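Chain IDs A, B, C, D and E follow the sequence of writing; residue 1 opens each chain.
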Amino acid sequence: MNRSTWNTNLITALSVLILLGIWQIGAVLLDAGVILPTPGTTFSALASVVQQEPFSLNILATVARALQSFLIIFLVGGLLGILSGYSRSLHAFLVPLLVICKATPVMSVILLAFIWFTSGTVPLFSAFLMGFPVMFIQVEQGVKLISPRLHEMTVAYGFTPLRRLIHLVIPSLAPSIITGAKASLSMVWKVVIAAEVLTVPRYGVGSRMQMAQVNLETAEVLAWTLIAILLTAAGDLIFLSLLEVPRKLRERRSKLLEAIR
Amino acid sequence: RAAQEIQLASQQVEVRMAVMQGPSGFSTVGMTRNEGRLDDYTVVDIQVFPSPNEVIARLANGELDIAALPTNVAANLYAKGVAVKTAAIVGEGMLMFLTNDAGITELTDLAQRKISIPGAGGTPDQMARILIAALGYDSETDVELDYSIAAPAQLTQMLIAGKVDLAVLPEPFVSMALNSSDAVIPLLDVQALWSALTGTGNYPMTVVVVSDRFVEQHPGTLPLVMGSLKDSVQWVNANPADAGNLIEEVGIMKAALAVPAIPRCNLVFKTAKEGYEAMDLYLKVLYGFDYTSVGGAVPDESFYLEY
Amino acid sequence: MILKNLSKRYLVSGEYLPVLDDFTLSIEPGTITALVGPSGCGKTTLLRLIGELEQPDEGELVKSVEERGPLSYLFQEPRLLPWHSVLHNVELVMRPWYPEKEERIARARDFLTMVGLSDFTTFKPDQLSGGMRQRVAIARAFAYPGHMLLLDEPFQSLDTNLRWALVNAFLKLWNAEKRTTIYVTHDVPEALLMADTVIRLSSRPMRILENHTIGTPREERSLGSPEFLALQARFYT
Amino acid sequence: MNRSTWNTNLITALSVLILLGIWQIGAVLLDAGVILPTPGTTFSALASVVQQEPFSLNILATVARALQSFLIIFLVGGLLGILSGYSRSLHAFLVPLLVICKATPVMSVILLAFIWFTSGTVPLFSAFLMGFPVMFIQVEQGVKLISPRLHEMTVAYGFTPLRRLIHLVIPSLAPSIITGAKASLSMVWKVVIAAEVLTVPRYGVGSRMQMAQVNLETAEVLAWTLIAILLTAAGDLIFLSLLEVPRKLRERRSKLLEAIR
Amino acid sequence: MILKNLSKRYLVSGEYLPVLDDFTLSIEPGTITALVGPSGCGKTTLLRLIGELEQPDEGELVKSVEERGPLSYLFQEPRLLPWHSVLHNVELVMRPWYPEKEERIARARDFLTMVGLSDFTTFKPDQLSGGMRQRVAIARAFAYPGHMLLLDEPFQSLDTNLRWALVNAFLKLWNAEKRTTIYVTHDVPEALLMADTVIRLSSRPMRILENHTIGTPREERSLGSPEFLALQARFYT
């Protein structure tokens, strides 16, 4: 860990401390534990929540839902985005679907969702409605930013569509795909948990939040929220380290090429 | 005269009252007949909220003086140190097990069925679990409780459409379901079963809580408000059709749906003193079943307001 | 190859800019043709039409049989894939021709050695100097076995020694397999020493001012000889 | 309107027709009007909804909320995104805030939200929590894609920070800002309406949906959903035409420059 | 200006690539210095250090008083803002110097006319040919009144006539106000005719092979004279 990483970590820690301070002051000023318990109360609720029995099952259920939704959004949004970036017709065809995804509140179609899916998959459905347009718009726009000069080069050198996809389109789209993934990941957690709150599947962070909420155990609600925040932060870290993989692969590849003399 | 008016205005008391978008809203519509004016000095401002959350937040924050809440939520607030006391019972139990599966007639048919309940942890859920246990089922293994449709209106839709075959619903949705579909039949009256089990009458489902600050600042106003509320409940029960129009006007629901439900909503008015025993029993049962639902303790006597 | 009455214009903020207007030229297959002309006259546009990267508005392009098919295009800018190493950039274009990885890489390495970049095969384009990037593009174009060679100012931004070394290397390659080559340059001596035919072009809309076929065999040419001094003088005006 | 615009419009219309067809078939197969009324029933509900009195008030309230949230997200997300793209320290400082925005379901802080905001502004708050990370991530990533060569040019030619912002940063960020805006716009509608359904402010499309739902008027719910979809589509069109403005301005500017001889 | 023991190395996939190693050079203020050297030897890196776009790893750079402050940098690539018109690209950099819009635009127009682009002021960079883009960059660098001129292969990709016209235009500008000019070129004749001092550089790590100050006044120089023929021969090896 070099000097500047140290510094940024310090700043992040400082920022967390400041937020905790604001929370503490706010809680003291508000003086209403049902609405905003102090960080102290919340952390002791956290300690007892962690010891509740199916703790890891709740976490796993939520993580599985978030991951599944993310993968679906990533694949479907990415693929349709690339295709529709290249084909004006497909774009025109998808416009109404996209508008429906953007505008239809889950509430309007939730009963249909119940009929078509089991109740555990409704969070997936909500997350898809929310995240799909973001990923799609992102990748579609990314296609438009691909350098026309490099594209022309691949045409002149007779690249097959697959070779163009691998060596021009995907590397060019990488920033868009990454931002799209980051942005949809940023919603998936919240939407999945919110949908769990509404549909109360057997296991799930949101289900536990809902139960704590009806019993006015605000400290427990916030404890679960902290867990959700930690999960999200962990997810971000894993995502960031996954981003390093292609670079490492490319480096290894270049070493391998070097070896072939 | 101008000076007189100013004086009048300064004496004017505005009572800020919250009800939920259901039977507790029905019971107060009578108070809005005179634009909420109870006498020359007192105006009540009734706000209808879709969920208890908003009421709780505003009550804790001092933005509300009086609110109608589920009994256990009131006890819970009291236990959590929110300065409120209960003043009256305004609604008694009105829950039903409904089914559209003609094959279910006996209580024993409930075994291994999926029962849909609107909202985990709410009164329908608590009562359903208490009674299921009382009937000798284990709510974990013998039946499947499903909370995935949280809004009672939506659960009603599913029941009417035949996509859900067994549900616990409160009024006015029970009436809506029964009136909209011939296939839907009442399976079990929760209230009757409660009476049979406890040997008492109906259980108190909705109470009115008053903030301590309001009682201190306007000690004389409370009896007036409660009197007017009692009046309103009687009027609504006696004039469902007129009340229905007001219900639609206030924006709770359509008159056509509310009117047939009013007689079955068990709207009552009992002061805290009158209702003490029923409430105490109810809260003790809830406590015994799941103590967190009443805030970890059965409230002491100072929870019940005298006026 | 015959270019028949080609016309090409660009639409720039609502107005048409004619670049080629009824342009006709015939090129002997298997020769090197140099295009010399003022900046902005339409040389690149002409190459793009020949490379079929763009369609003429009017006119026709008739290629002889051996000129059809894939062609090696050296663009006016290097146009390297920034995420791939130098070696990978060159190796990549040869995939359909050399399915054997070892062979392909050996060939890419040969051409990179030819342009003097054998020590830089693992570098990314962004880590190279301008001239080095240009040399990677040269290696790529030469390594690719296109049926025709279109070179847009191939030896720009290289020092004189390297330039001549590359001219000679190119001629050696070309002698081994005589593909039709059309190349744009601003360096008249280079054109005179390298090309079979030198074409002097006017400014836009482009016309042929002079179409000179050099009779002297390449090996016997010398810039100091009276013939070439006269030619240089003519091509400089 | 040229030929190809005609074609794409035709395809879009076709796509709408196909969706209507699927809806019709689905409704007939399901045969449960309370859950999925036919398009016909829905359109007649739409006709009567449009004649309901405070119709335009409901629309205006929702549009105002959506617009406000969008503007707030756009400005705050855009500004913080640019700054944090340039400053590693600010980025490090904002990381915890961003994670909180991403992970905290509105439900966890709704009691607080009710205290701080009136029920009409809770939708704004939800939309902000949802849209801010998307816009922010977008713009922050965009800053990293600014051409380092052009940046160096502005350094060499002594651009002031303001001049660099106007002539390099903002034009370079334009694609990111546009996608960010599109993506956050894609959520704002839905989130605002969903929050209106939950909090039932006096006027709002979501409030009307909630009322229709309580009254078991599914056709009316869908009619309001159609209205939401139309609003979204109109919003998209307006957004797209706004995108043309800078180009036109630039053209006018270039004409003006031309005039100065 | 004195460059004292400059060192500069780049980190490429874990290894250091030394570009400058203990490089020392002193340049007379108010003269034109031409740098000639093989591709990839470090000329651009040297200009970047002088332009303070990069810091040396070791060593020091001492500028005389009149050389400090803003400088006109012509990059090896045009580096134009793609969203602005040609005129706007040139006009923009002069803002702090010419607050009067009319004056600024007139000056931008003058310089664009000098490089032969008076008809293309409303074009976007993408609508220009390679040589035209380079000319816009030349106009921008010359129009900007920097205290020093750093030119990286300024006249590349231009035809010979234009090249000499621009060399003469540049010398006229420079004669009016003698700013220290350092310029990189691969064209030895051009360097010999234009510069006061021509420096021949070795390949990486860069060393000075020859530092030749030309005594003959610019007006009297001729490439055909025995002095310059000898110089050319020396600089070509």
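Rule of thumb we're sticking to: a contact is a pair of C-beta atoms (placed from the backbone, for glycine too) under 8 Å apart; a residue touches a chain by one contact, two chains touch by 3 or more.
Remember, it's a predicted structure, so these values are computed and weren't measured experimentally.
Student: Counting contact pairs per chain pair, which pair wins?
Tutor: A-D
Student: Could you put a whole-Å number on the gap between the CA centroids of chain A and chain B?
Tutor: That pair's centroid distance is 39 Å.
Student: Quick one: chain A and chain C, Cα centre-to-centre, how many Å?
Tutor: 49
Student: Could you put a whole-Å number on the gap between the CA centroids of chain B and chain C?
Tutor: Taking the mean C-alpha position of each chain, the two centres sit 86 Å apart.
Student: At least two other chains touched by the same residue of chain C: list those residues.
Tutor: If we look for residues of chain C contacting two or more partner chains, we find 13, 77, 122.
Student: Show the residues in chain D shared as contacts by 2 or more other chains, in ascending order.
Tutor: Residues 30, 35, 111-112, 115, 213, 254.
Student: Residues of chain B touching 2+ other chains?
Tutor: Within chain B, residues 53, 56-57, 60-61, 154, 157-158, 163 contact more than one other chain.
Student: On the basis of the stated criterion, which chains touch which? Give every pair.
Tutor: A-B, A-C, A-D, B-D, C-E, D-E
Student: Over in the complex, which chain C residues touch chain A? Could you list them?
Tutor: Those residues of chain C that touch chain A are 51, 53, 70-71, 73, 75, 77, 79, 81, 83-85, 87-88, 91-93, 95-96, 101-102, 105-106, 109, 121-122, 140, 144.
Student: Going by the contact rule set out above, which residues of chain E touch chain C in the complex?
Tutor: Residues of chain E touching chain C: 10, 12-13, 36-40, 44, 76-77, 116, 122-123, 127-132, 134-135, 153, 156-163, 186-188, 236-237.
Student: Could you please specify the touching residues of chain A with respect to chain C in the complex?
Tutor: 149-150, 152-153, 155-160, 163, 167-168, 171, 250, 253-254, 257-258, 260-261
Student: Using the touch definition from the top, list the residues of chain B that touch chain A in their complex.
Tutor: 53, 56-57, 60-61, 73, 76-77, 80-82, 119-122, 146-150, 154, 157-158, 163, 292-293, 295
Student: Tell me, which parts of chain B touch chain D in their complex?
Tutor: Those residues of chain B that touch chain D are 21, 49-51, 53-54, 56-58, 60-61, 63, 151, 153-154, 156-158, 160-163, 176, 180, 251-254, 257.
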